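Have a look at this one.
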Amino acid sequence: MFKKTLHIGTSPHIIGGSSTDQIMRNVVFALLPVAAFAVYTFGLSALLLLITALASCLLTEYFLNRWIDKSSPLSDWSVTITGLLYGLTLPPHLPLWMVFVGGVIAVALGKFIFGGLGYNVFNPALVGRAFIQAAFPVAITTWMAPFLPDRFSHIPGSTLTLPFLKPVYDITSGATPLSLMKFEHHTTDTYNLLMGMTSGSTGETSALLILLGGLYLIARKMMNWRIPVALLGTVYLISTVLHWSNPDIYPGGLFMLFSGGLMLGAVFMATDMVASPITPLGATVYGIIIGIMIYVIRVWGGLPEGVMYAILFGNAVSPHIDNFIRPRVYGTGKQWSKS
Amino acid sequence: MKTESLWFIFLNASLINNFVLAYFLGICPFLGVSGKLSTAFRMGMAVIFVMLISSMAAYGIHAFLIWVDAPFLQLISYIVVIASTVQLVEMFIKRFSPSLFKALGIFLPLITTNCAILGLALFQTNKGYNFIESFVFALGAGIGFTLALVLMAGLREKLDFAEIPLIAKGVALTLLVGGILSLTFMGFAGLGG
Amino acid sequence: MLFDLLKKNPTFRHGIHPPQFKEDTRDKPIRHFPFAPVMIIPLAQHIGKPSVPVVSEGQEVTRGQMLARADGFVSVPMHAPASGVIKKIGRVPSISGKMVPGIFLEPFPGSSQEVLEGKPVKVETSTPEEIINAIQNAGIVGLGGAAFPTHVKLKIPEGKHADTLIINGAECEPYLTTDHRVMLEQAPDIIQGVRYLLKATGAARAIIGIESNKPDAAENLRNHLPPDLPLSVQVVEVKYPQGAEKMLITAILGREVPSGGLPIDVHTVVVNVATTAEIGRLLPHGRGIQERVITITGPGIKKKGNYWIPIGTPLRYILEQAGAEEDIDRVFMGGPMMGTAVSSLDIPITKGTSGIVAFREEEARKKDVKIYPCIHCGACVDACPLFLNPSKLGILAKFKDYHTMASDYNLMDCFECGSCTYVCPSHIPLVQYFRISKLVLRNEKAKAPHV
Amino acid sequence: MTVDTIQPEKKEVGSFKMFQAMVGIGIICALAIVVTYQTTLPVITKNKAEALEKAIYKVLPGAQTRKNFQWDGQKFSEADPSDHSLKDVIYTGLDANGAMVGIAIEARGQGFQDAIQVLYGFDPEKQAIIGFYVLDSRETPGLGDKIVSDAAFQENFKALTARLDESGKKLEHDIQTVKHGTKSKPWEIDAITGATISSKAVGNILNHSAQYWAPIIKAHIDELRTH
Amino acid sequence: MESKPKGKLAGFFHFPQGDGLSTDEFIKGLWRENPVLVQVLGMCPTLAVTNSAINAMAMGLATLFVLVMSNILVSSLRNVIPKQVRIATYILIIATFVTVADYVIQAISLDVHKALGAFIPLIVVNCIILGRAEAFASKNGVWASFMDGLGMGVGFTYALLLLGFIREILGSGSLFGISLFADSFQDWVIMILPSGGFFALAGWLLLFNGLKLRKKQAQPEQTREEVLI
Amino acid sequence: MLILTALGALGGLTVVLALLLIIANRKLQVVEDPRIDIVEDMLPHANCGACGYPGCRPFAEALVHGDALPGKCTVSSDEGRQNIASFLGVDVGAQEKMVARLACGGGINVARNRARYQGLQSCEAASLVSGGGKECFWGCLGLGDCVDACDFDAIHLDAFHLPRVSEDKCTACGDCVVACPKDLLSLHPVSHRLWINCKNLEAGDEILEECRVACTACSRCAMDAPDNLITMKENLPVIDYSRYIDTTKPIERCPTGAIVYLDPKKGKVSGPKAKPVIRKGARTEAPT
């Protein structure tokens, strides 16, 4: 009387929680306000840049995976995050052809080569950016002033530079708060930093929106809160202590937190679980290591900003963190050593 | 006129101008022995050890050659002395720790004739470091080498369990990871300056 | 904060909170079930050596009569679930998918089905050894799911001692309400069973652990607690797998069973409530076990409820009687977290079956989910009650590095609770990997010439 | 091959043979090297001298010949121009009439990537740096290596004040690098955009070196002239 | 055993004829056993000096010279050198030729010498040279060793050139110092940086891997018709 | 002068070092039988373990110490084994070529599935889930664990999801034997051509419902076999390979084709009485 051939499978026969594509989709949602604010701040050039970054990442992912016959490569949404974040880390009027090159590198070199989603050992978006920074160091350290009056009517000449040519700048450039601090010993007002009234990378300007996005993800349990908390806490702690010891040399804690790419990096990039440690304690240690590195590079290093390098370095040590920091397995340890 | 503090020499040799990732010295063991963490670590230790020995040896020989006024023998004496010293060490290890010897396999003789070791000796002479500076330089270089090797090994052990596309399997993948690591180490530029 | 923690019911760290689905059956009293036209009795319904038939084909047997005797200490006898005639002794289908030795029994229709009585065993007058023997003779195995012969567990090894007996009434599996009903309806049997168990193990006290979603059961047992017995009821947090003995011991006593060890290593013995009730009911009459309480539920069942079902009743018969939908697509024996999917409806229920859950295709809660690679989200690490690293284990298993799994990542400690798989957003069949890995390693060890 | 042909090697190779082989080959090698060295030495010395001279003449406009002086902590003494192993050597540049145009000094210090080695011309009369040449640097091509080629940057060193204060022990104003386009004092260096760090490094190197040499040169200027 | 061990019996100046042995010694270094692209040896100079084509060329030729000379000398002395001091003497020989090469290059052009930096002396420790001395020259006749050294050296040189080409073209927009594009060409600075060396070599390896894979796919293994049981 | 300095310096150095090395050589040398390296080089480096040792090197050690004979390495070519044997001056240790054979004919064209398995696509995994869903409990699950296990590309799944072993490529390393959770593969000398193609322990025609080529234990093959070559055990015929006779007699009357003759050219040949094997409505898609 029972008609069907039964299906058999292994237990558990029910599953819960959210699925990977759901998580990824939500990260995209959390990033959208940041992206929208970036477009509002920098105008058309930022819009074109984000579109190009997304397109390059999505296309690369699609074609490479097609090539090795992996099915539906874009359905997990992860590459959308990569594309968005990659775009958000670039200066707003970077030539689009450079953006495209970096996007291809990000996905091909940062992700595909390692086996795609879940296997990359470095943060793909940052691999793309690090490549661009090393390849075109001048272009990527030239910044544009925010809220230019003609930002919605005028596309900067540099954005539309022809492939393989040097960009020509035709608009007001601005110095980032960090380079002002490093080279001129001039700190920017925290309120301006928080609200995004400064020049900088496309997406790093509004710390507030980034924090809100992060809170949303943490509330939905889609992000490991320990990493941003440990990271931001470390930077804040070191800078506050040192600032207190010598305010002339060392910038204050709040300035450090809200300037540069720290917020975007801490909230959206250091938290990329694929390339970070898996255990709670490991994640904390990872956050602390990155925090220290950021501080060292910013304050004692040659470069004004070190978030990208610090996170990549964190990625490189995370296998070791995973190796060394393991939770004590139930029933093991000293008190239970079997006699 | 001294411009470089010991601390800076150390930082420079280990991080900023990491022997492997910035100077391209000792790439062969970097590619060859970085597959397993434990081996990489032991190799790193061996390299630090050999670097210290050869740095001191090179310092002595340099002084000797200046004394006899035969600078043209620099290269050949460096390499011969270093090679023999290391060969002694090698025999020693083979005798007293066969397991270590096995783990390092063919690379022990390669340490003897490794770019990083000779490069270290030549650089310290070129830069005119005194004895202490040479020692710190060797220590920094060795630690930097070990750091690069160990980071690489961690990543490669992780990548052993990844679905690497066929085309990238093997050395190409290791080189790419090395490239990204090298990019990462660019972040240290200007440190201590 | 601290105050909150103190107020909470005790529990263990990590674990998950799957939906309960117990409303459908928890208020349904236990009812009796008719005899199937043919009963199928595998000779290995327990962990250990299969029992050895003592009847022959064509022989008539009485309900409760021993059909097969225990083969050694780690083995239990099998009793006739009904009066009838032995049709055949041969191979019978089993849940493992193998054909195993077993007995076909055809019950007499319309027989009175009186149960054969044996030699009663009194708590007061028997020695622990006698009780343990009696439990073995009654064919009792763990009814909590593992079907491990209970008397083996009660026999405290030389040099060890038990100070606490824990009665496991947690029933953390979704859907199942067997133990819940047993605690509501068979409190006197449970109390009687505890008396036997305390005597057999020499433990000084007994604690019944109950998840806080069964307040009525806890209440009922508390009301029945006799003043003379060192027995108490402890309510624990609702959390899966609270019912696993290790987790229950940790929750109630704060002790951790050592890796690779048994509860007795922390001076504890854990017995399921239904097992306890069975002991309390059978031993005073010297009977053998012939039926057990089973929850029949799931969206594919019309007459959901808790039933006394004779052991050996074929699944198909049960589903027909319980009014299963015609298009059921998945049937599990046990709960949805730990239970086994059955491939054929011709297999019988056994002593270890605690529930039958049936789904139709559209209601299946784990259809063709898309499997992504592990994204290192750490959800599994946060879920594993044994603090293992399922993510790493899963990756190692995928690449067949079983030895590293065991040597570096404590694979053998995993008790396959499935929490990791439940939470994994990439839907990686982690437990399945672990089962294979453990099997391969065990096979290898068995085949290894020495050591 | 059979079992007998390959046996674990015994130590039957005589120690003397090993000894002989090594020392013999060592001697052959030594001979080969010496021969090459002697043949190529003149050419190499000439090349090196030419390169150095080219650099000196570049930082000391108008100079036609040069002299090497070694500083031993007390005084300057003229040194053999072909000896490259000496330390603390500075070069005076002489014009066609034999008058001193200025002094070329080598200096090094940490740049963005690695040490930068420079040669600069110092005019003791004007108390200013009058020429600048990068001997060696590993700065990033396209960024830091503009310190070698950037015309506007070179312009800084046509006349960069390095005047001693009254005490004669240190410079009146430190040589300083300032952000591109903000140079306002004669002792300031206008940095290269995008290579501020390298530019600052150059400023530091010059400052360091000038602080050291300017007082010495001032005190011993006669020794340098009379020779 | 039927086949004689190659070269074992080859006399001192025995030129094997007709069997194509020495051509094979030469050819194998070019592709099948290419030291860089296949064996991945001698990576340090490969990566360090190839940021321009001219450096790559100079390095390649210097290595070629040392390789050939040391191979010749080692194989002629192979019967004189006891096993225990083998490595030490090989290194002596190699170091001599490197010193020679070093001075010769200095004499020819200081600029090239400066660009190659420390890497000329480091030829001594180039794994390829010692490797060939140890693995080939110490067991084979002079002629074969010469061909082997030549093949390996040429293989090494062209591999360096491959790298030098892309690194210089992309990184500086020029080839052998000659500007290829208009002034407005954007240099890819990374190509002349250390990481660019890694990427460029990896790029070539990927390309060759891809070609190999494609070849494999194009002509599936020809076996006897499978007997299925 | 320069020459003298050079000779003195370098000569002195080499003298000192040569002395050091010589002393070290005396004191520190470790002796290892060099033949081990040579023999290891002659082995195929497959490290498959077919020889019964954990890898090629341990086997080489055993060979050199005389604990094993080269014939144990089934992966090596005949010539390779011969070379090692003559190098070591020992016997090859003659061994007939073995191949892996599958004792199941129940492809998806003839055998039924009782349930559809979902989960990891491996036989090991499926067999743990109620036996894998195949109607015949002994039958091949067709998910190809054996294919994955074979390092020599000797096994492929055919159109009916049954593994087929290539006699040429199989080196009898035994990996597939270990891999199969249903124990369907075993190693046999190639010369054995009579083969029982089933492991079903049930008897009677009912089992044909499960699988059209199952052995019904009718015993006809045993009766027809000359010289009692075949006996019935546990409802299955057992061929006595120790006194093997090459004959096709036993397959003639088999009603299902459960006993076959392995023809070197044609592959599995079943007797004329065996029914045509395509079951009506056979599924041809993967048995998921």
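Letters A, B, C, D, E and F mark the chains in the order given here, with residues in each chain numbered from 1 onward.
Note that in this section a contact is a pair of C-beta atoms (placed from the backbone, for glycine too) under 8 Å apart; a residue touches a chain by one contact, two chains touch by 3 or more.
Not measured: the values here are computed from a predicted model.
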Any chain in contact with subunit C as well as subunit D = A, B, F
Among the remaining chains, which ones contact both subunit A and subunit E?
-> B, D, F
Measuring centre to centre, with centres taken as mean CA positions, what chain is farthest from subunit B?
-> C
Farthest chain from subunit E, comparing Cα centres?
-> C
So what's the Cα centroid distance for subunit A and subunit B, whole Å?
-> 33
Taking each chain's centre as the mean of its CA atoms, subunit C sits from subunit E at a distance in Å of 69
When the C-alpha atoms of subunit B and subunit F are each averaged to a single point, how far apart are the two points in Å?
-> 46
Taking each residue of subunit D in turn, which ones touch at least two of the other chains?
-> 1, 9, 18, 22, 25-26, 29-30, 33-34, 37, 112, 140, 142-143, 197
Going by the touch rule set out above, which residues of subunit E reach two or more other chains?
-> 1, 84-85, 88, 92, 95-96, 99, 103, 189, 193, 195-196, 199
Listed in rising order, subunit B residues that touch 2 or more other chains are 22, 72-73, 76, 80, 84, 87, 163, 166, 168, 173, 176, 180, 183, 186, 189-190, 192-193
Quick one: label the inter-chain contact graph as line, ring, star, complete or other.
-> other
Chain-chain contacts as defined at top = A-B, A-C, A-D, A-E, A-F, B-C, B-D, B-E, B-F, C-F, D-E, D-F, E-F
What residues on subunit C touch subunit F, complex-wise?
-> 91, 93, 95-99, 340-344, 368, 429, 432-433, 435-436, 439-440
Subunit B partner, complex, touching residues on subunit F are 2, 5-6, 8-10, 13-14, 17, 20-21, 24-25, 28-30
Residue ranges of subunit C in contact with subunit B within the complex = 373, 395-396, 398-399, 401
Along subunit C, where are the residues that touch subunit A in the complex?
-> 16, 18-19, 174, 246, 250, 256-261, 265, 316, 319-320, 324, 326-332, 334, 336-345, 357, 359, 361, 364-366, 369-370, 372-379, 381-382, 385-389, 391-392, 410, 413, 416, 418, 421-427, 429, 431-432, 435
Complex interface listing, subunit A residues touching subunit F = 5-10
